[in-house]
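Have a look at this one.
Naming follows writing order (A, B, C and D), and every chain is counted from residue 1.
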Amino acid sequence: MSFNTFGKIFRFTTWGESHGPAIGCVVDGCPPNIALSEKNIQIDMDRRRPGKSKFTSQRKESDQVKILSGVFKGKTTGTPISMIIYNNDARSRDYETIKNKFRPGHADYTYFLKYKIRDYRGGGRQSARETAARVAAGAIARIVLKKLIGKKFKVVGGVVQLGLLGCDKKYWNEKEIRKNPFFCPDKKSLKIWEKYLLAVRKSGSSCGAIIELRASGIPAGLGSPIYSKLDSDLAGALMSINAVKGVNIGSGMNSAFLSGEENSDEIVGIKGKTKFKSNNAGGILGGISSGQEILASFAVKPTSSILNSRNTINTKGKNTKIVVKGRHDPCVGIRAVPIGEAMMNCVLLDHYLLNRAQCD
Amino acid sequence: MSFNTFGKIFRFTTWGESHGPAIGCVVDGCPPNIALSEKNIQIDMDRRRPGKSKFTSQRKESDQVKILSGVFKGKTTGTPISMIIYNNDARSRDYETIKNKFRPGHADYTYFLKYKIRDYRGGGRQSARETAARVAAGAIARIVLKKLIGKKFKVVGGVVQLGLLGCDKKYWNEKEIRKNPFFCPDKKSLKIWEKYLLAVRKSGSSCGAIIELRASGIPAGLGSPIYSKLDSDLAGALMSINAVKGVNIGSGMNSAFLSGEENSDEIVGIKGKTKFKSNNAGGILGGISSGQEILASFAVKPTSSILNSRNTINTKGKNTKIVVKGRHDPCVGIRAVPIGEAMMNCVLLDHYLLNRAQCD
Amino acid sequence: MSFNTFGKIFRFTTWGESHGPAIGCVVDGCPPNIALSEKNIQIDMDRRRPGKSKFTSQRKESDQVKILSGVFKGKTTGTPISMIIYNNDARSRDYETIKNKFRPGHADYTYFLKYKIRDYRGGGRQSARETAARVAAGAIARIVLKKLIGKKFKVVGGVVQLGLLGCDKKYWNEKEIRKNPFFCPDKKSLKIWEKYLLAVRKSGSSCGAIIELRASGIPAGLGSPIYSKLDSDLAGALMSINAVKGVNIGSGMNSAFLSGEENSDEIVGIKGKTKFKSNNAGGILGGISSGQEILASFAVKPTSSILNSRNTINTKGKNTKIVVKGRHDPCVGIRAVPIGEAMMNCVLLDHYLLNRAQCD
Amino acid sequence: MSFNTFGKIFRFTTWGESHGPAIGCVVDGCPPNIALSEKNIQIDMDRRRPGKSKFTSQRKESDQVKILSGVFKGKTTGTPISMIIYNNDARSRDYETIKNKFRPGHADYTYFLKYKIRDYRGGGRQSARETAARVAAGAIARIVLKKLIGKKFKVVGGVVQLGLLGCDKKYWNEKEIRKNPFFCPDKKSLKIWEKYLLAVRKSGSSCGAIIELRASGIPAGLGSPIYSKLDSDLAGALMSINAVKGVNIGSGMNSAFLSGEENSDEIVGIKGKTKFKSNNAGGILGGISSGQEILASFAVKPTSSILNSRNTINTKGKNTKIVVKGRHDPCVGIRAVPIGEAMMNCVLLDHYLLNRAQCD
């Protein structure tokens, strides 16, 4: 089975292969009368696209989004918004040498077992290129949420761990994230990260990363218990991103190490407003947003497309070795920041609308 | 919005409150002609039910499942299977003192903000009691998978971290898990765990836990890319369990710290069979099962129902203090083992059927 | 595949067999804080239940609904509402003689072919008894719509054709429908209908019927183009009722015979209000409600459970004859009125909430 | 809410406006390894497209389908198939005069009430042009069903009523349908139909039609009781087609006039094969296919785009008159034949796969 649609009432469907003519996205269920332009969507696209620094794949894609439907005179009409992004710089040749081999740790192998056919050029549908289409959908969700909730709404992500190197979250600075090629929130970590990643790249290897997402201005009450809790849907959404292997909400896996006293975020009323003394819950209790900042993080594994030789088998089951040439990211986790933000925006909007349906 | 149905084509819907007359579950989409009895389901129910040791809540519930439909002469008919579990030992009195207060870290607060009404008795719908209904559904999924896949199919969970105490996974022993009250796979850890948990309980506090799930005998090819990847659905399913804050697949969050070489599981063909040298992927590549053992783990936070006084507000927003009496688990994570297994069984069966639909 | 859940965000799941211990319904997605009692639901249940006149099955069922969850202190909480209706008067003996034969025109045959197993007692899951559970869900939808829309909201159905006999819709009188056992809106037709149906019954035969549904007070704008148009969802909902073979919206099949001029309902503005000169559209244009009265009708075939001998085969494929004893309705269409109303109420509420989600 | 996705596991999503740059369709859940080409899809596209005779709209669209993804080396890969159809002959000018008026009987009015914005050019999203995208999806479903079921599988539709003129179904001839511009199965009706439709067109009016669909070679057992019965899903699918107001399965509305004896299709076993003496059920019993030919019919109302002046209001609610110029079909029902076939193909494939999932 293939399931290329995400969401319940704000839904998007993505399509396309890495080396096909184009990829795209159809957004359905978008509220009408929202000002929407390709330019505004492009802001997010540009943050994700490759080839912008020496720390990402050198594939040159302008990733220009074109809107084909659903917008009339600059406003959404409530009908489906179809967007297309052409593939300009696909080099299928690069994949000829590995077309009959499986990259260890790559979806090459499982796609072939499942479908008995696969588009081996650039990873086909498994390629991280698919995430460009999500970013386009997420941009629309962001624009709609801004309109519905107002200026206080914001989703920001940053890389907080680059392979073996962490950063100091005390110095989290949103503006800094927008400036450096690592999406790192802590300026002081940049130099060492740069050295580290250049060394990883030079060695033909790759490294993982942890990304943290913070959503503020989110009203209390979002989330659909029991099986579509806000954290449950966020976890599913983030885990659906290529190469993600772990998801935390608030204290996440670390919550296992806390005592009941440490973990429960005490509540205080201050001048009619509710405040929490801590945020181990990551802004979600019982699957419903509490009004606190929503905190999620996820780990991206090191890409399996590395220059060093690895043992594997070919499509006939014979033992062989593989070396992956072509243009790859030494750390795909970096470009996962705008993708994580996009998925969070989509989940939040979907739940905003779902909550309005039942509890308005 | 409330979403009390889980699954795509093997689906279950749960209902009921902690202190209502009963809770229940309707399973839909079950294949016909599978031998099914209340007795077989009860095996899993008994593993989850409270009151069996001094390490869990002293609420005495027999948790007897009664099948009301969908089974004829001992076999499933393909029509919905309705199951009911009566609540026998609800003590609503215990909750009178806290009915106008919010437990910090509990869904009390967010349910009230969302719905403007809540059943405060025993946590109402937010109660972990709801998980009994999932276990009933999971038992059916287990029985069906056993029939479809055969004897090699198995899902086993164990507690691998109890608060600050880990255990040695080298000594993972399934039989041991079934014997001790901690669902701990490592016999050597039992003594110290027992002491530790008694101390936690005595102090009126609580602690968290990490549970690991292992599924073996799973055919390659299960998983519905892109937005219903096997790991994505597993993450959503496990995160939907009460008090879960983090989910890992394979190496999970730790994959961020590995190099591309370490992380990619090399493949070798041995006498026509495919073997992997490691299992960092947790048996899932690109959202599709690879035929390896599927590995997932999740963290359960310490329960917020503790005996020690905490700052909070009441339903009118005034500052107050709260002490939670009643019968609570010092570590809800322990009883999460059969619940995690249940959710994994349901996800696996759903994807087994989805795969059969498209790729048979 | 079995799909026992109806609706998108106001959803209900039904379960149960004709001769099992009980049947039931779980309603999910209901808005919170709506006053709801078993008594109010029972009003609709009593209109559908058998055994009330000599024109329906003599099975004696009190059809008492019991609410098991989702209501606290007389109000909905936003969590699932589970309802159970016990089967009191099942006589499985009656079916022993036909357990290995298929009734021509009955789902006996296809259930067996699909599932290779069937509960033959009273039709099992195919029984019209399942519709009691829908009526319970529909009653909740009715109560919620009344609260959301106000007093002007109303859904009323009536039998407008009883076998070969029509009635004069000019004399449509809602109060009359509630009084007579035929749900006939035209008092003048009663005498002849009574004679006719007694004759049908006496002859051991059965007859069909056409039911018309009228919904007023429905706001404009409900309906989810393209594939969940209001009329599309109504057609699917009504066709899902046992024995229904045709559905019309407004002029329905007759619209084929009209000219463009006759069919298009001219619009006039009168003192700031919009009026239509006719209602061929049945209150729905492009799948969206126009604010006019919504008109739908559906045909119920004569039941296949008749006393006269018919040619058929048995479960082994051998030719045989069948005579159906037991207690059957000479015209199942009569009791389809409250069922049709229930389905319409559910569709309207679902679309009311869906519209609120996107366009509020 | 907008819902532009159809189907459960064989799903398609359509997008696009009549006068936008293009329309399109994304098909998801298609089985892999099916030979698929644009040429094969084009066969169905060409049957629907306008401008082929004087009896349809003179809009000249080549309706060339271009596949953008999901097919590799001539075979489906199991990933989403995105198709695009460019709009070449949109004349938006034609709509300037009516952009502030509502066509009586047209979705103009309700789209505006729902979304408070509408693309008035050529009906925007409400345009029958959307149906081209369905036909593309239906062509894929047809090709897949042919592969799965074999040569005996066939879905054929024909116009059996053109306004006031019927045809003689005894002379149903499939080859004839492919030859004449009316999709009429009865050669003897052509002359009078031609005269009639020319007269309708000349008078600036329009007329309705009834289309009958016949599916043969369909295995028994398809259909998902209770709320996704095969007939229920067919009814919803056909009613979702623009301008459709009524749907019949088998004897349909006429079943109300039959006796139980007449209506029930007697079963006979002949040399190990099951035969039915009649087909009032239209091949569906209890929502499940019986192995008989599946028969459905639907009525298409006369288009509201007529040259004769009608009373209406403008977007400000003022009374006015409207005359619709531009290029319109005198009978949109004619081109509904391939659209109805497409929807039936999609429903049948979806249920084929659903049945395989549960009952294989």
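Definition applied: contacts are C-beta pairs under 8 Å (C-beta built on N, C-alpha and C of every residue); 3 or more make two chains touch, one makes a residue touch a chain.
The structure presented is a predicted model; accordingly, all values stated were derived computationally and were not measured.
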item	value
Other chains in touch with both chain A and chain B	C, D
Chain of greatest Cα-centre distance to chain C	A
Separation of mean Cα positions, chain D and chain A [Å, integer]	39
Rounded Å distance between chain A and chain C, as computed from the means of their C-alpha atoms	46
Centroid spacing, where centroids are CA-atom means, of chain C and chain D in whole angstrom	26
Sequence positions of chain B contacting 2 or more other chains	1-5, 9, 14, 29-30, 32, 78-79, 114-116, 125, 225, 354, 357-359
Graph class of chain-chain contacts, one of line, ring, star, complete, other	complete
Partner chain A, residues of chain C touching it in the complex	9, 29-32, 78-79, 225, 353-354, 356-360
Residues of chain C defined as touching chain B within the complex	1-5, 9, 11, 13-17, 20-24, 26, 28-30, 32-33, 68-70, 72, 75, 77-82, 84, 114-119, 124-125
Residues of chain B defined as touching chain A within the complex	1-6, 14, 102-107, 109-111, 113-116, 125-126, 130, 161, 163-164, 200, 205-210, 220-221, 223-229, 231-240, 242, 245-269, 272, 274, 276-277, 280-282, 284-291, 299-306, 308, 310-313, 317-319, 333, 351, 354-355, 357-359
